Each structure stands twice: as structure tokens, then as C-alpha cells.
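Letters A, B, C, D, E and F mark the chains in the order given here, with residues in each chain numbered from 1 onward.
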Amino acid sequence: MNKKLVTFGEVMMRLSPPGYLKFSQANSFELVYGGGEANVAISCAYLGMKAAHMTRFPDNALGRAATQFLRKNWLSSDQIIYGDDKLGMYFLEKGAVHRPSVVVYEREGSAFSKIQPGMVDWEDVLKDADWFHWTGITPAISEGAALCCLEAIKTANKMGIMVSGDINSRKNMWKYGKTMQEIMPKLVKHCDIVITSPRGINEMFGLGEIGGKLKNSAQELMEAFPRIKKVVGKKRKSISASEQEIQGRMWTGTEYIKTETLNISHVIDRVGTGDAFAAGLIYGLLHYDTDIEALDFATAACALKHTVIGDVNMVSLENIKSLMGGDTSGALKR
Amino acid sequence: MNKKLVTFGEVMMRLSPPGYLKFSQANSFELVYGGGEANVAISCAYLGMKAAHMTRFPDNALGRAATQFLRKNWLSSDQIIYGDDKLGMYFLEKGAVHRPSVVVYEREGSAFSKIQPGMVDWEDVLKDADWFHWTGITPAISEGAALCCLEAIKTANKMGIMVSGDINSRKNMWKYGKTMQEIMPKLVKHCDIVITSPRGINEMFGLGEIGGKLKNSAQELMEAFPRIKKVVGKKRKSISASEQEIQGRMWTGTEYIKTETLNISHVIDRVGTGDAFAAGLIYGLLHYDTDIEALDFATAACALKHTVIGDVNMVSLENIKSLMGGDTSGALKR
Amino acid sequence: MNKKLVTFGEVMMRLSPPGYLKFSQANSFELVYGGGEANVAISCAYLGMKAAHMTRFPDNALGRAATQFLRKNWLSSDQIIYGDDKLGMYFLEKGAVHRPSVVVYEREGSAFSKIQPGMVDWEDVLKDADWFHWTGITPAISEGAALCCLEAIKTANKMGIMVSGDINSRKNMWKYGKTMQEIMPKLVKHCDIVITSPRGINEMFGLGEIGGKLKNSAQELMEAFPRIKKVVGKKRKSISASEQEIQGRMWTGTEYIKTETLNISHVIDRVGTGDAFAAGLIYGLLHYDTDIEALDFATAACALKHTVIGDVNMVSLENIKSLMGGDTSGALKR
Amino acid sequence: MNKKLVTFGEVMMRLSPPGYLKFSQANSFELVYGGGEANVAISCAYLGMKAAHMTRFPDNALGRAATQFLRKNWLSSDQIIYGDDKLGMYFLEKGAVHRPSVVVYEREGSAFSKIQPGMVDWEDVLKDADWFHWTGITPAISEGAALCCLEAIKTANKMGIMVSGDINSRKNMWKYGKTMQEIMPKLVKHCDIVITSPRGINEMFGLGEIGGKLKNSAQELMEAFPRIKKVVGKKRKSISASEQEIQGRMWTGTEYIKTETLNISHVIDRVGTGDAFAAGLIYGLLHYDTDIEALDFATAACALKHTVIGDVNMVSLENIKSLMGGDTSGALKR
Amino acid sequence: MNKKLVTFGEVMMRLSPPGYLKFSQANSFELVYGGGEANVAISCAYLGMKAAHMTRFPDNALGRAATQFLRKNWLSSDQIIYGDDKLGMYFLEKGAVHRPSVVVYEREGSAFSKIQPGMVDWEDVLKDADWFHWTGITPAISEGAALCCLEAIKTANKMGIMVSGDINSRKNMWKYGKTMQEIMPKLVKHCDIVITSPRGINEMFGLGEIGGKLKNSAQELMEAFPRIKKVVGKKRKSISASEQEIQGRMWTGTEYIKTETLNISHVIDRVGTGDAFAAGLIYGLLHYDTDIEALDFATAACALKHTVIGDVNMVSLENIKSLMGGDTSGALKR
Amino acid sequence: MNKKLVTFGEVMMRLSPPGYLKFSQANSFELVYGGGEANVAISCAYLGMKAAHMTRFPDNALGRAATQFLRKNWLSSDQIIYGDDKLGMYFLEKGAVHRPSVVVYEREGSAFSKIQPGMVDWEDVLKDADWFHWTGITPAISEGAALCCLEAIKTANKMGIMVSGDINSRKNMWKYGKTMQEIMPKLVKHCDIVITSPRGINEMFGLGEIGGKLKNSAQELMEAFPRIKKVVGKKRKSISASEQEIQGRMWTGTEYIKTETLNISHVIDRVGTGDAFAAGLIYGLLHYDTDIEALDFATAACALKHTVIGDVNMVSLENIKSLMGGDTSGALKR
């Protein structure tokens, strides 16, 4: 039977000028939806897994439209809760070559940020799940979101469900009075798999060094939080906004694993590539026997996301397996 | 020399699905900007007047893009102030025939709502102005906005500038702790021209009757606020979302004036038609000798706005004069 | 608990030139999906009912995309079956005023047409259903589709589920060797509610007269097929491709009921208006106490569909109730 | 064998803001091509006639693209000549209801305006033709164009080809030093069929009265130019830019014929409706036995053009025959 | 006088999501037409040759629109035949970098596939032709198409017209009961020029080796089919879906010729590049004195096609000559 | 206080097929405006400078729309003059890889070309200006434009305003009877800064050699025109239409300065990159202490323009400083 993933977090409306237009040139915006955790759930759903995303939307026409985006992309929607009247939004002006993208958020006061512990029946939401995934963005949004996330993680622990956290959080998101240093340890200590970087480990937990080796930082993290079984990272080289390189890395407590480096020479959409990596990792660990295969799968998934418009990785299992198997030709098989 | 109008209020980004698509069908949004008072300023600018709009935008890429919309539409931008990070927004799903439009607002906490008295140098902003115009939406947004509006009105009074207010406010916008019954009288008592309806007069000031005659309600209003010289209304019949009828009405204290009824048989965009009426009234009163001409001008301007996409009336002086002169043929003159 | 509807039939990709362009002018096609029965299911889902549509799609990227359309529009997709490689398609060039629309079908040999009895586990598909709906298009497609439809109807009968059929079939669709006169009686005799017209009743069953009264034809039909409890019709007057009039009619065996006539003065999309009527009827009969309310609901739903792009009626319960209550103004309530 | 029409005149690129946007709102222009005479040729080609249009295009990428438009729309392109470097252009902002369309021309100095007598081998171009059609726009463009047109007409006379002229010319187009009063008589005297109005007859030839009856003016014209066999007019009532009424009229020298009035309640594109009338007249006179049938055909063609985007009437023979037969329902026949 | 090419084969409607969208993301499809042989004819027509394409279209609005595409692109349309009601179609989702394109065909039962020997008057179609070109796709479609193709080739032989075949066929297209091993030799033995690869030669004729040298395989082919004068190949390296390398190769029976390798670093549209090569070869052999010039021309044409949207190579003679001359700068000459 | 730049020259409407479509494929054109000198003014305005552009537009709807483009992009519009009826236009078909762009001009007889000395009050226009910039295109357009330009330059000299000229003119633009050899020396002798190339210096003034070193040619130029203080050039390598390399160069009379070479690997829009360089140079010389910083700034600005759609460089000061500081990563800073 198909494995099932549950994720939790905010889903935002994303509005972008067409193509490479700047904000000031746009007469229209292209519309998709995205959010770190939902991106992971959808990616896994496209690979054939069962997947559900837990979130809170405003109880209006925009909240319903956002729900329809999740349904269309193979997620179930029965568990979603509704209330208040603001949908989080972000505006993306896509960069190219030496010109960076511009992102403007309008997410403060969103329906999701007003979520409170007790609003979600986590045992029901996590029923039949094999894996629960969260990211460091959720606890940064509001105290309610952080507490809800903790509820979810603890329930998953109790139900014997694997927990992964992608915790490369952004410092300047934390505006509600708590710091990430206060909150993150409470969540991370219940995690089985952590995706992060030496910088993240240092900034959030004061361990390792910012410019240090993933292996060393990861080992310190695993000693501090003994539930963690693997620490996974992704080395990105930004040659330009239009060309990127990606390499997967993992410390298992005993082994340090690295993938080949994949070069993405013509970036179509860089947003959500980290989420595609996380989704690939989850799928890989659930479906492959070895860590290196799982990591290769994650890295190939990440590379392929750079060619898909939107926040979400919609490539097929066959696409990832082919790239993971070394075929970088992008050739059509008739 | 050209007459100059100054207006004050929030400008929002407006996002609409293309054509008659519903929110759930849209892959993109068409983007314009609008706000009751700025709409009036731009309308007058298209007719050849000098016009400036005073507002507060977020200090980011969206605030600059909104400013560029005002500049493009002939307003000056030097007086605009910037701060905070949220641009007010609204989403419009256009209706047809028996299906009403749907509007969703996301304006809470906007940069404009955080405006405070003292932030604007009104003497400078109103320099050379002949007319200042405000609407009942502004004092409904926040106490700061209401107080700023009062500052502006009083400064205009002091500088001998005509003041008009379009005060058909929406009750459920008032959420910051004051009611419109508390605030509106303070603003209206400094006005020379008021655009409203028997319902508005009754709900805001407890005068007249909701279903009563404009003449009677207006007379009571003028007695309560003796500065008011004319009370102007607009009778709309909504035959369907696609067909509307408009008639202008005015009580001057001594005379009750009505225009012909104009039928708009194929509505293109109904938003901002009230603002087009107000702009037409201001232009008319400044440029015609008689009240009936001014009112005819306002009504023709209002009718024409129904055929222009966006919040803003971009028709030419020639268009309005031609319709006001009775030519309803819409015929191209080569 | 919410009532549940199940429908069965082909879903086609619909491709239309933008706006009023003719085929020869188009550089692109707008893409939606539709099919008489799925349109009914989706309409009911937008009104809050649970709804599932049973169909067969090709096992390829187009079949998956069509499935995603159904999911997005609130239908479940677990029951859908896949096989072969052709998705039915139709091309629609929208007419206006005196210029009729042009429709070109490419549906021969579709995955749906190759469905065979035994492929569907109807007891499972109909579990928890309150109503099953089919149309006369399905048995016209292929013998397999006709037999599958019969399976479904009989299973519904056995499970005590209401069955409605919309049987205004098109003679020249029947190409597989059977005539509608042979097949339709076998299906209709198991139906509780039939939507049709005097012409349909005459052409399919040799009863009544083509130009006769619905009441008389319906009575003959109910005598021939005693399970039928109501025969429902819809009188349409096509003033032009851009203006239509609709009136609902019903014969209950004892009573002849007619609604007010609704005039749709600006048609946006005429396709699927009959399906919107059927959906309204089903919803109405399930949620209202009287037949006239159900018929008023159906007629209002039908009228509103003329203003929605695509095959599917996406209006809200509130929209229909408002029109059914006599408000034809299409006015936005803020 | 199919009848063949040859026409002569300028073809311009037409650029329009999408939908009902005004020039100042457009980020893009929709692109078609058109010209009074080519519009007639294409209309007839869509009805199954053979048709060729003679023109002169600039010898560059735009001239080739314009040629491709003619080819696509069933005209032959072998006879077209090339030279110079300017393609005539016009910009069209579409009006609605009381708002008139705006047209801006940029056609001065076009390749066509530089055409000179002797450049065209008219005997070759007119080979196998049954009909030659010109309009009053051509002689207004330049002396060369006027002389070329005269060459064509005289050659047609010599070859026994029917000649029709649509001579409702626009006074302020004549800028090259000759007046229409000087030039038009030289051309009209060789015509068999003239399409015009009492105003045109009066302004160009000093005959009849501007507000007079077509019959009287036409009779005077036929006396002055005895080759003319029929004078045809079209009475248009512009209820608004969105609603028009059309009636065909003809004086045959002995009989005055009028058609029913057709109401076009939802205008899609008003440009080229006169050309559609001329094309319908030519087709009608060539294919029907009676003048009233020809005139009915012309009027129906004209009415239908109001629903087609672009300058060109692309409706089918079946569309016209159906409307001419009295079916105004615009109903799709499946 | 201009050389004339005639081609024969199916033309399909091609539908693609805009830009790099995936099928599941598209609300619209971009529409062009294409088919291996028609692509060759149009390419040559853009270079100034006379060209006609023989095909069979459905006798409906789509068949007429497809015809208009060919006319627009400079082909004549008089010879095309019409019948049945299905237009072949294919759907293309464009890939990038490591993500391959996805193609879905819906061509079974098309009007073209139902073509039968005797339907085409080949002597008339081939009148004045200098060259006839076919591809291995045509005989794979249906037995009727294969026999018609043989008719055409034999007629060309009889009329002294050069015959080229591009025979890199796709095995899994052959579904009508004959294998390519049975059919292809009958066609190839009448060819003067063959475009293929060692794999094609081995799979179709059992000659040479799949991974062998073109020279050796070609030599065996020429010995088996002595009419063949040149065997031409194209070596492609797919660095990624976004970057390709192309090199032309030819065996003349006595000489083995290779061009420089051209790198296409930013692929815009990869479809039809092989047809562009074939067209370039035909043009080159007809207009250049040496084989190496013809091959250089073909390779440059092929490289340039990668930058043109659609199936068809629309570049100019000047573009190809410039690249063939070694100018890879893509620099605009003012 | 912010520095102020004034520029002078024609502004044209630019019309381009969407994306990489060729002219013959386009159903629509994307619309922007541009002109060498206005591009410079707008670039500087985006960097925070005050900027005005002096031009002459037709007195019609297109002239007003063009004005609105300048206003939107932060320029003032009060000084612009209006007259005649033609707006200059150019059509751009964007190339890729080996396929060059195609440009077609329709600018002859434009309102700007009819400008005459005395029409502009240069003292008023140049009030408060710190810098005046012109290009070699303006004197090539018409004698009036050349004389006006001379007026402007002399007035600037008189008012102590820096003058820069970008004089890489195009020989075949000079059609009004004067040669660039006659006119250019009169203008250049009043310039402080000249942007040009050895080819330009040789062709216009007969100095240096076409293939020579910038340093040598520049030195000769400075000797001939002693007011010139710096001669600046830009070395471009066109690897393909999709990849360019840029290096800035300057001769100060005593020092020869070169920047690093910047590689633009994915060109989005190559038009206006020279103007972006000029704007960067002006900004740099006004805001940096050293010539190398100014040149680095200019080169970075130029490189960034290749990624912005339209003629105009809309990047931010921060973008340029970041690239100038060596960060080529195009990475988004959150």
C-alpha cells in the first residue's frame, strides 16, 4: 500500500509578473500557491504517495480557491480548517543572471498565523500516516503556529510516525516575541530526520561553526538531540540567478555521504527547490534501501524542480529515476 | 490657469480574474490600482485639471509600483509619504446579469491605515489647490486616518479651499472602536458640498428617513451643518449586473434639480462609477455656470465610467460633453 | 449530513478560441473540461453536496490532467478507472447575436467509449449515495457505455438510491449499431425522475407529439414507465446567441408546475446550462419541501450558468437562493 | 465554376488594445490587418468565391507578414507588388455604449500611397475575373493611387468585367492637392454598381440633397452617369456603440427596394461592416436571381460582421443564408 | 525560375501549454500545426522555393483552419483533399535542462490515415516539381498512406523528379499489421537521397550495425538499393533539453563528408529540427555546387530551427547563409 | 540634493511579438516605449536622480500614451511639446543563439523629426540641471533635430552644465541631405564626455583607425576637440544572440582604464544596453570619486540591462552596487 505523508504549515498565494517583467512593468500577475510544507506534500503526491497537508485558510473565496489548488494537486482537503479573513500572500519578481529575484511578503495576520493549539485533532489528521514533515518557517510565524507544530510532532512521536524537520529558518521572520533559539530546540528534539546546514545548526543551537563541515556540526546536533538519526544538507552554488549547482550531503552518525554535483544551466523557477529536496529525501528514505540512493533521489528531485514553474515540484517518478541514474540529456523517449 | 484638485485616501492594488472568470478558475489576475479619492483625482486630471493625491504607501517595491500608477495617470507624486510594509489590496470577481460581483478585501494593517496626524504637511500639500475632496471610507479605516482627514479639511477651510465629501460610507468597515456616528459629524461640518443619499444621512446623522426624498433629508442635513451649500445624490437602478440606470439629483437649499436618466445597457466595469460622478461634479461646479450643467456633467461622467476597465474614469472631456449634450449614439467621429 | 450524488459519463477536454475569435483566428485555445453528467456532479458539489463522478480516462498525462480538473472542482477521484490512450475532445467557437456557435467533436474511440460492463464495482462507487444521475449521451457513445449505465442504474435501484435521467439525446450521436429507440426504454424504466421534452418523448418512445404539451407527453411516459415520479422540462427561447429566456416546467402525475420566465440578457457561456438545470433540480428536490421550490431552484441555477465560463456551473448556493427569491439585480452586497 | 472577384486598395496593420482597454492602459496590442477593399475580397473568399486583392506592400518583414494574412484568408498573393518601406497602420481603441471608439491613423507615406500608374499589369491581374470592386478611400490616398484605380476600372470595362464602387468617402482624407469633386466623377462614370448615400452623392457630385431620399439622389446620379445600373445604400441607426440597426436599400432605376431592419444588440466589432455589406451585395448579385435577395444577403452579411473580431467578415455562407431566411436565434444546430 | 518541392504526409494540430508549464498547470494551449513533410515544404518556401504539400484533412472547421496554416506559410492549397472528420493532434509539454519534453498523440483514425491509393492524381500534384520528399512516418500511419506514398514515389520516378526520404522511423508507430521491415524496402528502392542513421539502416533493412559508422552502413544500403546516390545523417548530442549539438554527415558512395559541430546553447523549440535539416539538404543540393556546401547549409538550417517556436523552420535564407559562413554571433545588422 | 539630468531625443513606440515568436507568427505585439536618450534619463531616475526628457510627440492619443510612459518611469512631462500627428515606431523580433533579432523602423516624418530650432525654451528646460546628455541618433533624424540639439548643447555650455554625447551613430540613418561628417563635429566640440569607439571616431572625424586602440583614437579626438575630458568605450563580444560579454574602457587624457569583463550568459533583452552604460557612466561620474568606480558602475549597469525587458534599465542602485562589488551570484537576499 502507498505510504502516506502529512505536512503542516501556511500556504500562500504567490503572485508574479509574467516572465521576466519587473513589478513596475506588470499589468497582470501569474497566480499559483505555495508553502514550504505543502510543497513537500504535493511533490510526494506526484510521485504516487498519499499525502495530506494540514493548514488553516480564511473562510472566504480566496481560502476556497487555495484549497482547490491543494485538491487539484492530489492532496486531500477534508482536514483543513477555516477562520478569519486573510490569506497569506507573496509577490515574486523573477531575476536572471546577475539580477536577483525580489520577494515581498504580505502574510502578517493571516488566518494561519492565528491558529491555536487545540484547533486541530492531530490523531485524526495523522491517522494512517507514515511520515510527518514540518519546517522552521511554521514556528516563526506565530506562537500559536509553533505550539500547534509541537502538538503535531508529539502526536506523531506517540503514534510511531517518522518526523522530519527542515529547519533552515530565516532569522528576521521571528517577530512575535520569541526567538528561534528558544523555540526550535523544543521541536527538534522530537525529530528523527533533520535537514539543515552548519549555519543553521550554529545560529539556532549554538553548535558547530557557521563555515564548518556539515559532518562535524551534524554530529554535535545529534549528540544534543539523540532522537535525530540523520542530518541532511544540500550544498548550493549560485553561479548566477540563471545557473545553479546542487549537491546532496548526509551524516548518519557513522557515515558521511555526498552525491554527484548537478548543474542546472537554465533555471526556470528556483523557488521551492529546497522543498523538492526534502520531498525527495522522504520518498527516497521510504522507498530505497540505502542512504545514498535516498540522497541521490533527493538531489535529482531538487535539480529537476529548477525547471518547473511555481513553488511545487510536479515531475514524475520516472523523471527523477532517470536523472538519478545519470541521464542528464533531457531527451524525449518516444 | 488650470484648476487644481487635491484628494486624500488609501490606494489599493486591485486584482481580478481575466474577463468573467471566477476566482477558482483564474491562473492569473489583472492588475490595476484604485481608491475612491484617487479615482476622483485621476478623473479630473484626465479632464485637464491639475490634481494631486495624498496617501501613504509601504516603503517597498509594491509601494513604488502603486506610485507609478498614480504618476502615469497624471497625478504628481512628490507629496506621497512612505512607511511600514503592507499595501492594501482587494480582489474583484466580476459578475454578469443575475450573478453579482464578489469582492474580497485584504487591507487591514496597511501602510495607509497607520497614518497619523502630523505626518502630513497639509499647507504644503494643499498649496495652489482650488478644491479638496475626501470620502467616508477614509475615516472608517483607522483613527489615524480619520484624524488626518480632519487635519486636511480644517487646513482647507483655513486656506479658503472648497471641500467636498462623498459620505455614503459602509457601516461594517468601522472596526477600530469608533462609530461613524461619532466621527462623521466632525468632518462633515467643515464641508461645502456633500454627496450622499437619504439612507446615508439617516444612518450617519439620524436625520431624514432611509426611504425618504433626497430633498427633505438634504434640507435637514444643511440645517444641522450650515456650511454645506449643496447636497448631491445619484439614483441608481440595477436592472442587472450588466445593465444599470443613473440619474443625478441635487438640493441647493432652494432648488431641487434632476437630470435625465441614462441607461448603460452593456456594463464593462461598474467599480468607481460613484467616484466618476464625484469627479464630474467637482469639474462641473468649477467650470460651468449653472448647477444643472454641473449635475449633467457629473451624470454623464458616471455613465461613461461604466464602460472603462479599472477603478478610474479615463474618458475625455469631449466624451463627457458629447453625452451631456444628448448624443448617446457612441458613434465614432472621423 | 451532506447528501451525496454520483454521476456517470464521459468527460471531454474542451478547447475554445479566446473570447469571440473564430477557429481560423486563434493562435491559442482556452482549456476546460466538461461532460453532461460531471457538470451536474460539480454543480452540486459547489452547493455543498458530496459528489463523485464515475468515468474512464486514458492512462496518460491528459487523463491525469482531466482527473485533476474533477478533483479541483470538489469531486473525489478514487473511483475513476484508466485505460487506452484517447481523451474525448470538443472544440467550441463561441457565437454572438445572430452568429451561432460552432462545435466540432473528436471523441470517437475515446477511453470512455471502450468501457465495458464489469469494469466498475458499482456497489462500491454508489456506497453512501443518495442520488444517481445519468444522461442520454452516455448510452449513445457505445454499447459498452450503455450497458455500464444500465448496470449503474440497476445497482442504484437495488441500493434504494434515487435515479434521475436527462434524456434529451441527440439522434445523430448513435453510431454503434443500436438505435436510441432500442436502448433508452431499458434504462428509463428504472428511473425515478426524467428530464426531457415532448420532442424527446416522441422521438425516443413514440409517445405524445413533438409539438405537444409537456403535461400530456409526460403523462403518457409515466404510464409507460410507472417508476417515473416526475417529468421535468425546461422551455428555452433563443432570442439570439447573446440573449436567452428560460422557464422550468414539471408534471408530477397530478400537478403541472411552471416557474417564472428568466431573461438572460448578456450570455457569457451557454454550454452546460441544461446540466445546471438538472443539478439544480436534484439539489432542490433533496433540500426543499415543495416541487415548485425545487423547480424554481433549478431554473435559477440554469439562468445563472449562462454567466459562467466553461461547462460547469460554479455559482454559490447564495447566488441561486437570491435569484430564486426574485432578486434579478445582480447587485453586490458589501 | 466559382466566380472571381478582384479588389484594389491599401491594406493596413490594425493594432488594438485587448478588449475594452483604452490606449493608455494597454501593455500590448492585438494585431490584425484590414483595408476596405481587401475586406470585401476576403469576405467573398470565405463564401467560396475566388478572390484576389491587388495592393503594394513595403519590401520588408512587415510587408511579408501582411501578405501572409491575405494568403491565410484565401486570397492569392502572386500579383502583389513590393517597394519602399512603410506599411500603413491604424490604431483602434474600441468603444462601448456611450463611449465612442478612437481611431488613429499612421498611413502617410505608405508603400501603397507611392503606387504609380504603369506599375500594375491590370490585364493580367483581372484575368478570369467576373467583378472588380474599389472604394472611395483609394483615390483619396494619393494621385498615384487614384490613377492606378482609374487604370483598373477602365481595364475592367474593356474586359467586360462588372465594376462596383463603394464611394462613401471621407472628406478630410484628401490631402494631396486634388479634391474628391475633381477625381470621383472620372472613376464613377465607369461603374456599374455604386454603393453610397444621399450625403455622399451630394458632397461628391452636387446632386440630390444631404438629408434627402436615396431614391431621388440615386436617380440623379444614374442620370449623370448612365453606366450605373443600381445605387445601393445602407441605413444604420447607432443606438449606442454596443447596439446598432441596419437596413439595406437599393434603387434600380425603376424600383426602390428595402430590407427588414436587423438589430445587432451586442456589437463585438463594428469595423468593416460596410465592407461586409459590399461583399454580400457582390455575392448576392452574382448568385441570386432577384435584387431583393441580393440586398437581403448583403444586409444579413453586414449584420453578422458586427459579431466578428477584426476588419474582415469570416462568417460562412450557411450563417448568412440562415439569417437571411429569418432565423435570428443564433442557435447552434448539432 | 524557382525550384519546386512537393511533399506528402499528415499535418497535425499541435497544442502546447504556454512556456514551460506542465500539462496539469495549463489553462490554455498554444496552437500551431506541423508534420514532418509539411515542415520541410514550408522551410523551403521560406527560402524562396515554390512548395506544395499533399495531405488529406477532415471536411470541417478544423480541416479548413489547418489548410489556412499551410497557405499562410506560403504553400499552395488547391491540391489538398478533404474527407472524414478527425484531424490528427499532438500535445507537447516542453522540457528544460534535465526534464524531458512529454508528447501525447491523438492521431488514430485521422482523415489522413484513411487516405487510399487512387484518391490523389499524382501526375497533377507533381506537375512542375523538381523534388519529391517523404518520411518514414507516412508509411507507418496506415496501409493506405503507405500505398499512396508508393504511388507518389513511383510517379516521381516516372516524371524524372528527384526523390528523397527521411526514414528514421519509429518502431512503435507501426500498428496496422505490417512491419517497417516489410514496407520500407519497397519505398526506399525508388529513392535518390536517403536521410537516416546506422540504427535506422540496421533496424529497417538488417544492414550495418546499430552502433557502427554511417559510412559503412550507408555503403551497404547503397549496394542493396542502387538508385540511392547519397546517404545523409545528422549526429546530435543532447547535452540537456536546453542545449544541443549538431553535426551533418554524408556518404556519397565515394566520399565521407562531415561539417563543423554547431552548439545550440539555449534551445527554444527542438521539434522539427530534423525536418529543417532535410529542407536545408534539399535546398542545398538544388542550389549549391558541392556536397559539402549543401551539408553545411542543412546543418546551419537545423541549428537555427532550435530557436524558432513551432514545428516549422521560418528563418531566412540570409540567416542560414550567415551561420553557414561561420558567423555564430547572432548579431543584428542595422 | 539629488542631481538632475536632462536628455533630448525621439521616443518611439516599440512593438514586439511575444517571447521568441517571429513577425509572421504574432497575433499580438507587446508594447513599450524607448529612445536612446530617454532610456538614459529613466535609468538615472530609477537610481534616484531627478531626470527630465525633452521631446516632441504628436498631439493625439498615442502622443499622450507615450508621455504617460515617461511619467510612469519617473520623468517629468511638463516640458514636452506636441504637434503633428505621427509617433515614431519600431518593430522588434527578438533573436536567439545564432538567429539575429530583426528590427523594422517606421519613424520617417514623425512629430519629433519636425522639431525646429526655437521651439524649445532650453534655459527653462535645463534649469537646475547638472548634466545634459544627447546621442548621435538625434542629429541623424532631421536638420531641425540636429539644430535643436546644438541649441541645447550650447545652452548647457553657457549654463555650466556638463554635456555628454553617445556618438556611435549609424551611417544609413542620415537621409536628410547632410552627412554625419558635416554635422557631428559642430556638436562634439561642445562636449565634456564622449562615448564612442575607434570605428566611430574614424568614420565621423577621420581620426585614428577603425581597428585601432581606443586610447589612440581617443587621444586624437581629444586633441581635435579640446573640451572633451574623457572618451569612454565599451567592448562587447557577441558570443551569440543569447550570450554577451561586456567590458568598460576609458581614456582620460592621461590614463587608460579597463574594467573586468562581465559575461551575460542568458540575455533577456539586448536593446538599450548601450544606454544603460551611458546612464551608469553619468551616475558614476556624478557620485563616485574615481573614474574606475564610475566605469565599473557603468559596466555593471550595462550588464544588468541585458536581463530587463524593454529599452529601459529599471534595476535598482542596490543591484548595480552589488554586481559592481563582484557579486555575480544573482542570489536573493531575504
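What we mean here is this: a residue touches a chain if its C-beta (ideal position, glycine included) is under 8 Å from a C-beta of that chain, and two chains touch if they have at least 3 such contacts.
Values in this document were obtained by computation on a predicted structure and should not be read as measured data.
Of all residue numbers that take part in the contact between chain B and chain C, under half occur on both sides, making this a different-residue interface. For chain D, the chain whose average C-alpha position is most distant is A.
Averaging Cα coordinates per chain places chain B and chain F 42 Å apart.
Centroids of chain A and chain D (each the mean of its C-alpha atoms) stand 62 Å apart.
Here the CA centre of chain B is 45 Å from the CA centre of chain D. The set of chain D residues that touch two or more partner chains comprises 19, 24-25, 27, 68, 72-73, 102, 266. Contact residues on chain F toward chain A in their complex (touch as defined above): 19, 32, 72-73, 262, 264-266, 268, 300, 303-304, 306-310, 314-315, 319, 322-323, 327-334. Chain A contributes residues 19-22, 24-25, 95-103, 170, 172, 238-243, 266 to its touches with chain F in the complex.
Only residues 15, 18, 23-24, 26-31, 60-62, 64-65, 68, 85-87, 89, 91, 93, 102, 104, 106, 108-109 of chain F touch chain D when the two sit together in their complex.
Those residues of chain A lying in contact with chain C across their complex are 68-69, 71-74.
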